[in-house]
Structures are given as C-alpha cells and as structure tokens.
Amino acid sequence: MGRTYEIVPERYWTVFGRNEPAARAASGDTITLNTRDAWGFDEQNQPLPDPEWSKGNEPDVLRCNPLIGPIYVEGTEPGDTLAVRIEDIVLNRPSAWSALHARFGSLTGEGLNRSMLLNEPLELVVYNWRLDLERMTGTLSLDKSSVREVTIPLDPFIGSIGVAPRFGRVESSLVPGEYGGNMDTPETRKGATIFLPVSATGAYLYLGDIHAAQGDGEMCGAALETTAKVTIGLEVIKKNIDWPRLKDRDFIMTVGSTRPLEDAIGIAAFELVKWLVDEYGFDKWEAWQVISQVASIRIGNICDPNYTAVLKYPKKYLDKH
Amino acid sequence: MGRTYEIVPERYWTVFGRNEPAARAASGDTITLNTRDAWGFDEQNQPLPDPEWSKGNEPDVLRCNPLIGPIYVEGTEPGDTLAVRIEDIVLNRPSAWSALHARFGSLTGEGLNRSMLLNEPLELVVYNWRLDLERMTGTLSLDKSSVREVTIPLDPFIGSIGVAPRFGRVESSLVPGEYGGNMDTPETRKGATIFLPVSATGAYLYLGDIHAAQGDGEMCGAALETTAKVTIGLEVIKKNIDWPRLKDRDFIMTVGSTRPLEDAIGIAAFELVKWLVDEYGFDKWEAWQVISQVASIRIGNICDPNYTAVLKYPKKYLDKH
Amino acid sequence: MGRTYEIVPERYWTVFGRNEPAARAASGDTITLNTRDAWGFDEQNQPLPDPEWSKGNEPDVLRCNPLIGPIYVEGTEPGDTLAVRIEDIVLNRPSAWSALHARFGSLTGEGLNRSMLLNEPLELVVYNWRLDLERMTGTLSLDKSSVREVTIPLDPFIGSIGVAPRFGRVESSLVPGEYGGNMDTPETRKGATIFLPVSATGAYLYLGDIHAAQGDGEMCGAALETTAKVTIGLEVIKKNIDWPRLKDRDFIMTVGSTRPLEDAIGIAAFELVKWLVDEYGFDKWEAWQVISQVASIRIGNICDPNYTAVLKYPKKYLDKH
Amino acid sequence: MGRTYEIVPERYWTVFGRNEPAARAASGDTITLNTRDAWGFDEQNQPLPDPEWSKGNEPDVLRCNPLIGPIYVEGTEPGDTLAVRIEDIVLNRPSAWSALHARFGSLTGEGLNRSMLLNEPLELVVYNWRLDLERMTGTLSLDKSSVREVTIPLDPFIGSIGVAPRFGRVESSLVPGEYGGNMDTPETRKGATIFLPVSATGAYLYLGDIHAAQGDGEMCGAALETTAKVTIGLEVIKKNIDWPRLKDRDFIMTVGSTRPLEDAIGIAAFELVKWLVDEYGFDKWEAWQVISQVASIRIGNICDPNYTAVLKYPKKYLDKH
C-alpha cells in the first residue's frame, strides 16, 4: 500500500502556498527528502547559489528556511486532513549553527518588519555546534565563559512543516499558522504524526528547517540549525480540523500559533476541548476540567511572527487512543 | 542551628504586605503550618466563619486564597534574599475541589475587575476530586462523558508564597509579582528552595493555597484545591535579586509574572542571563545562546491577574551547583 | 499628465497579491471605481452571485471585503513607493449595514480561526443605517432603547486599500499589514494620500470596503458598510518605505498593524522617528521627544486579525511639508 | 454648601492606599493644592530633601510622582463613588522638564522591574521646556535638528489622581488601575469631573503629577512635567462603579488600565455598555452598535506598568446628559 521514493528538489521555497509542485504523491506513500538548513546550506555545507547570506552578509530573515515542496497529494480536497507520519529524521552533517540576530529573537527587539525599538540593534554572532552523530550529542565551545564547553543530547525535529494556507494565503516560511508552518516545536520529532488542515485541492505540503536540538521558545531566534534525511508517510483523512494536531506514543496534542502567546494557548485549548468532545466522548465542561488538571504546555517558539504553543494531553486519560 | 516549631494562625490574609506578624522567625528556623484551601476550608472541610462562599454564594475571587502569615524574619533588610526550603508538603484531607468559574479562567472571559466580554457569563460548577493519600492519586467521576472516571498522580505544591512587595504595595493573594505570590507553579514542590527578593525589613512571608495536582496554566482557574501540613526552612541571604528564583535537585529556575505571557517569559529569561553571568561565570551572549538551546519553559498560570512563567536551566550545564 | 478613466471589474478579490490584473495604469493616472460593500452588495443592493451570505447564511468573514483590482502600475519596482491620492469618495447608496457577529469583534470573543472562548457564541444581528446623502448623515432606529434614533455625520473612507505583500504573501482582504490592507482607519478619507511600500513589480493595487462612518477601533466588527464611487490618483515614487504612510492637509502619519495593539503603535512610532530623521532634518532622540509631546494616536481597528494604529504628527511642527 | 480651603502637605506619597490622612474633607468641599512635579521639584524648582534624583542620579522611577494626600472624605463607604470636579489647574512655574529614560518608555525596552531586553540600556537625557504662562505655550530648543525650536499650545491636566485601591492594595503612584492612579490622560483637565470607585471608608484621595502638555501615549515616558495650583470640588455619590468614569462638556467617558492595550480598551468598552444600559436607557446590543460607530479612543499612556485607554462617547447621542 503506497509507494516509497525520494524527492530531489530542483528549487526551494520560502513561502507556503499553491506553487508548482515538486512532486505528486498519494495517500499511503512513503517519501524521503534531504533538507537544507535554515540559511540554505546542505549537508556538505554548500550554500544555495544566490542569497545574500552566501556572500557573508546579514541574512534576510524573511528569506530563511528554504523548504522542499510543495508535494501535491492526490485525492485531497479542502476540508480534508493530511496526516504526515514522521518515520525518521537522520542527521547527516557533523555541524549545526545557531546565531544571535540583530532585530530577531525574543529579548533583542522584534524583527521581521516589526522593528519597534530605538535602541541600537545588535550585531550578528554565529555559533558553531559540533555534532557527534553516533552519540547524538552537540557540543559548543564557549570562549568567554568559565564553563568552557557545553555538550547536550540531540533531539532532532522538523522546524517547519505545513500545507497551503486557507484562502490562497501564502506566508513566509518563517511564519506558523493554522496551516502548520514554522512552528519550531520539538514535538514534530520521529515517531509523531502531524495532522494538517487541507485548504487547497492537493494540500501542497512543504517541509524543512531541521533542528538538531532546541530549548523551549527558540528564544535567541535560532536552534541547532542543520540538515537531515527525512522520511515521511502520507495519509489523507476525510475529516475536518481547524488547526494542526499531533499524536505520538504518549500524547494527543493541539497547536495554536498567534500573538500574544496566551492566545496561542487559547487556540490550542479550544481545539483540544473540541477534539475530546468530538472523538473521545467527553462532555465539554468535563473535558475542560480534566484538561486543566492533566495537560502540559510546550512553548514552541516565541521569536517568529506568530508564537506557537502545543497543548499535550496524555493518552492514558482517554478510553481509546 | 535554628528552632523547629509550628505556627497556628489566629487569622488569615488575602493580601501580601506589612501586616501584623503572625510570628517572628530567624534565619535557620524550621516551621510547620497547616494551610486552608483556596476558599478557606480546613482539613476537616470546615469553612472560615464569615465569607460569602461559606453561605453557598459564588465566591468573590479576590477574597480567595486565605494565607498564613506574615512571618516576620528577624535580620532581613530590603535588598536581601529570603530563601525558603520546602521541606515537606503532607496532604491531610481526602478531597480536593476544583471549579468552572464565571468570569475567571483562561477561556471563559477574564475576571477580576477585568470583565471584557459581552457574552453571558457562565455558571459556577464545582468538581470534587477524591484523594487517595496513600497511593497519592486523585480521582474525578465524570457524569456526562464516556470516560467515567479519571485517576491522576498527585504532585502537591504551594500555589501561593510570597513576601511584602516593593514600595509598600499590597496585592490580592490571587496576584503574583516580583514578590512571588500566587504563581501557581508546580515547581514550588517538596525539595525545592524558593528565593524571594526582600523589600521590607522583616520580609513578611505568607503562604497557602496548596494544590494537590495541576496542569500547566491552571487553565480553568482552579487546580485540585486542598489542605496540607507544610514544613519550611528559612535562610536569610545577603544578596540582591529582582524576581523570584528557584533551585531543586536538577534545575536552577527564574520566575516572571506579568501580561502578556511572552513578557513573563522575557522577565524570566533576562533574570536567568543575569544569574548565569553574575554567579556562574558566563559571558552574557554565550549564556543567552546556551539558554536558548537547553532551557525549558513551565507555564505556571494563565488565569491570574498576572501570568507566571518559569524558565528552567539544567544544573548539569553549570560548573558548580 | 496622466489619463483619466474608470475601471469596471469583471471579478472581485478577497486577497491581496499578484493576481491577474484588472487594469494596467501608469504614474499620473486618475482612476474611478465603483466599489461593493463588505458582503459584496452593490449600490442597488444586488449581491454577488455566489457567496453564502447571498443566501441568508452567516457570512464567512474570511470571504468578506470583495475588492476591486489588482491595478498593475507600470514602472513600479520592489523598493518603490506607490502614492495613492484619494481624490473623491462619493457615496451612492442610501443605506449602510452594520452587524453584531458571532465570533468576530472586540468584546465577543475573537474569530477568524482564532476561536478561543468556551462561552456560547452570539447570533448575528444586522443593523440597517439609513443614509441621507445630501445632508451627509446616517440614521439608525433603535427598537429596544429609550433613545429611539441616532443620527450621526458621515465621514466616508476606504476601509481596505493595499498592494501585493512582500515575498509573494497573499492575505485575506480582512487582514492589514505592511502592504496596507484592511486598516479600517478613517484617515484614508478624501484629501489624504496614502504611501504604500511596493514589493512586486507592478505593485498590484486593490481597494474596496467603503465605510460611511465608523468609531475608533471598529469595535463590534463592522462600520457603516456601504458603496461609493471612488476616484484615486496614482504616483510612483522612487524611494523605499517599510510600512504605509499618510499625508493630509494637517498631518503626516505612519501606520502599524500587528498584535498586541501596543506593538502596532510601536511600529508606527519607529517609522515616524525614521521619517522625521530621514526627510525632515530631525535628530533621532529629539524627534522622539517632540513626537511624544505632539503626536496623536488613532486606533483604526481592534477587530481584524491584525490591529491597526495610526500615529499623527502635525505638519506645523515641521520646517517643510 | 461646602467649605473652601487649601491643603498644605507635610509629606508626599508615592503610593495609593490607606495612609495617614493629610486632611479630612466632606462632600461639597472645594480644595486647593500646590503640586510638585514628577521628580518632586516645586514651583521654585526646589527639590524634595532626600531622593536620589536631587543628587543628580538617575531617578528611581518607582519613587517618582510624589502625590498630595490622602484626603479622607467623610461619609464615603466602599461601594460609593467619589466625584472630583477639576475646577482649575493653574500652572505656576515657567519651566517643565521631559526626559528620555533608560529602561522606561515605549520604544526603549520596558522598565519598572520588567527589564526584558538584552540590548544596552540608554542614557538619561533631560529636555527643558520653557513655558509661557500668559500665551499658554511651551517651547523646546532643538540642538541637533534642522527644526531649531518647537512651540506647542499647553493643555494642562492631572497625570495622577486616585483613591485607595480595592482590598487594601497600595500601588506605586506610577501605576494606574481600577482606583484611577497614574492614568496620564489629557481628559483629566479643567472642566472635567472624574468619578472614582470608593473601596475604603474615607476614600483616601491623592493627586499630583501635573502635565503642561502631552502627546497620546506619553510614549517616551515623560510629558511636560511641571507644577500647578489645582482646585478640586468633591462630591460623594451613593452608587457603585467598577472603574473610573469621566464627564466633561461634550463627552461621557470610561477608563480601563491594564495590559495588553486592547484589554484596556476592552474594559472601557464593557463599562461604557454597562453605563449606557444602566443610566441612559439603552439596550445592551444597541448600545454596543452605537458605541462602535460614534465613540473615540484616547490612549492615555503606553509607558506605565498598566496602559490606559479612555473611551469617549459624545453626549449628543444621549437623551439626557
């Protein structure tokens, strides 16, 4: 049931929308893709030919996150759900970069056409993390601190995955929304399935922006940015959802992306109540009571144009999973 | 070093500030207190004599959270830090209540003098959780759902703990701030030490509002509200902090409380950078890079007048703890 | 210099972006357009053929605001500014509607894929304002109030005017942003010139959504929605701006659109400082001081997906205008 | 009816609350007070004896706004309304200062225990405005701009006026809230009456912080800070309100103070609907419709710990005033 193949892109996109498909797929297919990092470097550290950052200039954040896609999924209609099983994320480069950006990130003034601070902007600093792909650790040397080196476990995930937005809207690949997008949340790791609301015939799936590891909120504006060989499985489901949902072994999860952050949590909570009522037999207010006592909140990002919150409900408090 | 004793309060307070001390203590003391729940009921389920909720009326949320205190700590001056070791939290009542409030809670319109919705308010619903204090579980029967019953592990913590605020300010005990207060975060559990900035000679410590368990954000506006016998140890530290900090076995943590929620995280992040620089030998920007990759965010509450976020930094990425 | 002509659209758009041009124009042209109202009704109160609201159903807010355009403006390049002089707005229908929406508007829970309230949604109520186009007044009969009738002066303006957004992004025509869009601010009235940042060769100008009058914030989610014959003059300016700007007889103005509202004001303030420095000879911090004492803030909308604020600086405090 | 007298304070307060009364007054009294400016300088430019800023140091913003009071108003009970008629504000110093603060103000990072930016803070710059008290103008010389001088009309108002907050809470005099406080809105000018909700027997009225002029939002964090001889008339009204209200010749107004700014507008709008329903015979939803079309929004401040919005409803759309 379903084919298995690789998609080798001819170009990359920094938007979500109904662009020329890189491939056509069907429900049941298993697909492998080799992603580039958030500035377009591949697993050999070779840049994309054209952008400014290849020339050593400050990257234009709105041109970041080159994605593979779109994958046109046959048989999907607006109102369907596209389930993407994340079969594997195999890191394939022994390095990841992170950065301190001017005018991007949580504590350094806001960026992305939203400059709002009269203070002088910061200068770009790039941090190079060495990845040990056997031990699955990342190591950063610190030049100026008494702690000389930090070594952390890797937990790779897809930073950016989404479909064509509603109403023909096509966002920067830095923006998360009801179509998924640049959610930058560790929950989109190997073993999870993400459910995306289909708004266009064909769905138009994109993905990229692998993070080898990341703290909550991606606060400085960049994670351990690297490349991977990603394998996904597609399934078309004939039911309607309004915002992305996730399942893994232990949790069902809803995702909201907006500003301010409490509203992103609000979206996720509203959707989780609806999910428990519609599919798990809960009364609305009893669902709300139980959620309030057992759900955990994962902050995906608080640096992108919309902030992302994931509400995680343990499967053990469901009758069926 | 230090005495061990119990404080039996003659009255309870629903404010933080320089009120008549319930007791005088000193650095090194170990103190036991029997708390009442957020509506003033004790471990026998006996109410406080006077409030409206004892008569079955909708509780006035600003009169909630009756606290024990203030404890006047000898030898503290403004600019000091009061460290409170949470030695033990022994639940002592086989029941906890939770509730759906009108005009209080995250998804039902905001309350507390901040009514902003023209929709009709909801009606109060009280949920009774049965606590098994041996197995440390809480059970709620669901009348209207296909899941008939939910049983969850208990993880008791102090919902509200704080000192007199800066500049004579005295808040409702529902409000968290730079003085601690109603942070409603599970990190103030047994084994943790909370560090509070002292703004008044004597510090004026209050605590109460035990939660037997709670999901992130306390989203419906109430946790598993119950009573406990709490044991704390006090230590006065001659150094200055601006916002509460926490330590437990695995983490050092900073706490921010304000609105919107991203600003609460911002406060905690700013304070964590400062802490790593001042006491752990980090360079400012290297601290920020490492925090961005290893810190996790716990959302304490998004229902109180200020929202609370805790930023957790693993001790294993420090030279010393 | 420049032609004068009318554009009669064959279709309407509810997005901004690089769609098939309705007309090609040049710098210096004067253009007349007959707009439809926010639900697509024309000056004879005839609906668009297809949408749900024509059948009496609750309108889908994301399908609202059918716009005329796009106008492809010859000779514009990304980085240019398109100046649109609003020569005239002639109301041409003796009625306007307004409405109370379920899940749309400031005090009734937020809509537009952002449902976040568990309270029951409201029911749609439509209000019919009678327009006296000679006296330029609007009158609403009140059935349930002791005030039986309210008559207000009309102050017609263009609710929605914008160009193709940056990076190929195409938004719902309900959304304002750096491209202009659904700003819903009375400052885009007859006599004003709006300056829009050009992000696509040809600019792709759209407009529509005439409001006969509106209070600040468009708080219930709808103004006095009606139709007009609009005349605009186009000019291409070879300079770069990041966000929309406005000029009228008395003010120069900057516009920001985002959430939360203070950030929209922040964008407008940052842009106003930059404008005073770049073109009016001000020192940055002196500009900020004077702005703080003389500028006024107009809140355009607080109901759309991004909120809009306009910062107004009196021309009399400039050397030249 | 009522006495007329002056209150000469022995000390000033930088908090709101039930402190030792400076005077006892009664409904009907007319009172004159000579205020100090926001850093404590009097009309001779003499400082208060002790604070840091007298010594030339960066002022501690939380010690700013020394107020006269409290005035204990005989016969007021919690649940009453205290009406304060602003009879006159006579400026009495030929100078006003304004300032660019480090860590205070809208576009330079947030202050007041809320530092959240890793950028370097700014340095304090003080601006001296010369006041012509006959022509009622203020003039600032600009050293670094091509505009050499700006002269603006004065429109003096009381920046900070409030009573003891609910529940014994006592805030910094920089903070606005449901008790009034540091609203920093030009609507509290001569001729206006402010209605404050009484939460303590005696009301405990404070005022100070005269602004000779100010733009909307007080964006840099300071207005034209000066001194005045203020005359007020007091009246106790036996009815209950939840947030401050204002009346002047042309408008009835409601005031909300919180964060984010849209919530401050939300509070004001909720209160205005309630006011129109309770006292002016409006149906709730018709009130909401008319407010949406005729009300204007004045942004008082977006620099203080709570932001302040005033919703202005023209009296001409009421049956009675």
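Note that the chains take the letters A, B, C and D in the order they are written out, and that residue 1 is the start of every chain.
The definition used in the following text is that contacts are C-beta pairs under 8 Å (C-beta built on N, C-alpha and C of every residue); 3 or more make two chains touch, one makes a residue touch a chain.
If you're wondering where the values come from, they're calculated on a predicted model, not measured in any experiment.
A centroid comparison over C-alpha atoms places B as the chain most distant from chain C.
When the C-beta contacts at B-C and at B-D are tallied, the pair with the greater total is B-D.
Mean C-alpha positions place chain B and chain D at a centre distance of 33 Å. Taking each chain's centre as the average of its CA atoms, chain B and chain C sit 46 Å apart.
Among the residues of chain B, those touching two or more other chains are numbered 107, 116-118, 259-260, 266, 269-270, 273, 285, 288.
Residue ranges on chain A touching chain D, taken from their complex, read 107-109, 116-122, 260. The touching residues of chain A, when paired with chain C in their complex, are 14-15, 17, 62-63, 110, 113-118, 166-172, 178, 242-243, 258-260, 263, 266-267, 269-270, 273, 284-285, 288. Note for the complex: chain D touches chain C at residues 98, 100, 106-107, 125, 127, 138, 140, 142-147, 150, 152, 213-224, 259-262, 265-266, 269-270, 273, 280-283, 285-297, 299, 302, 307, 317-319.
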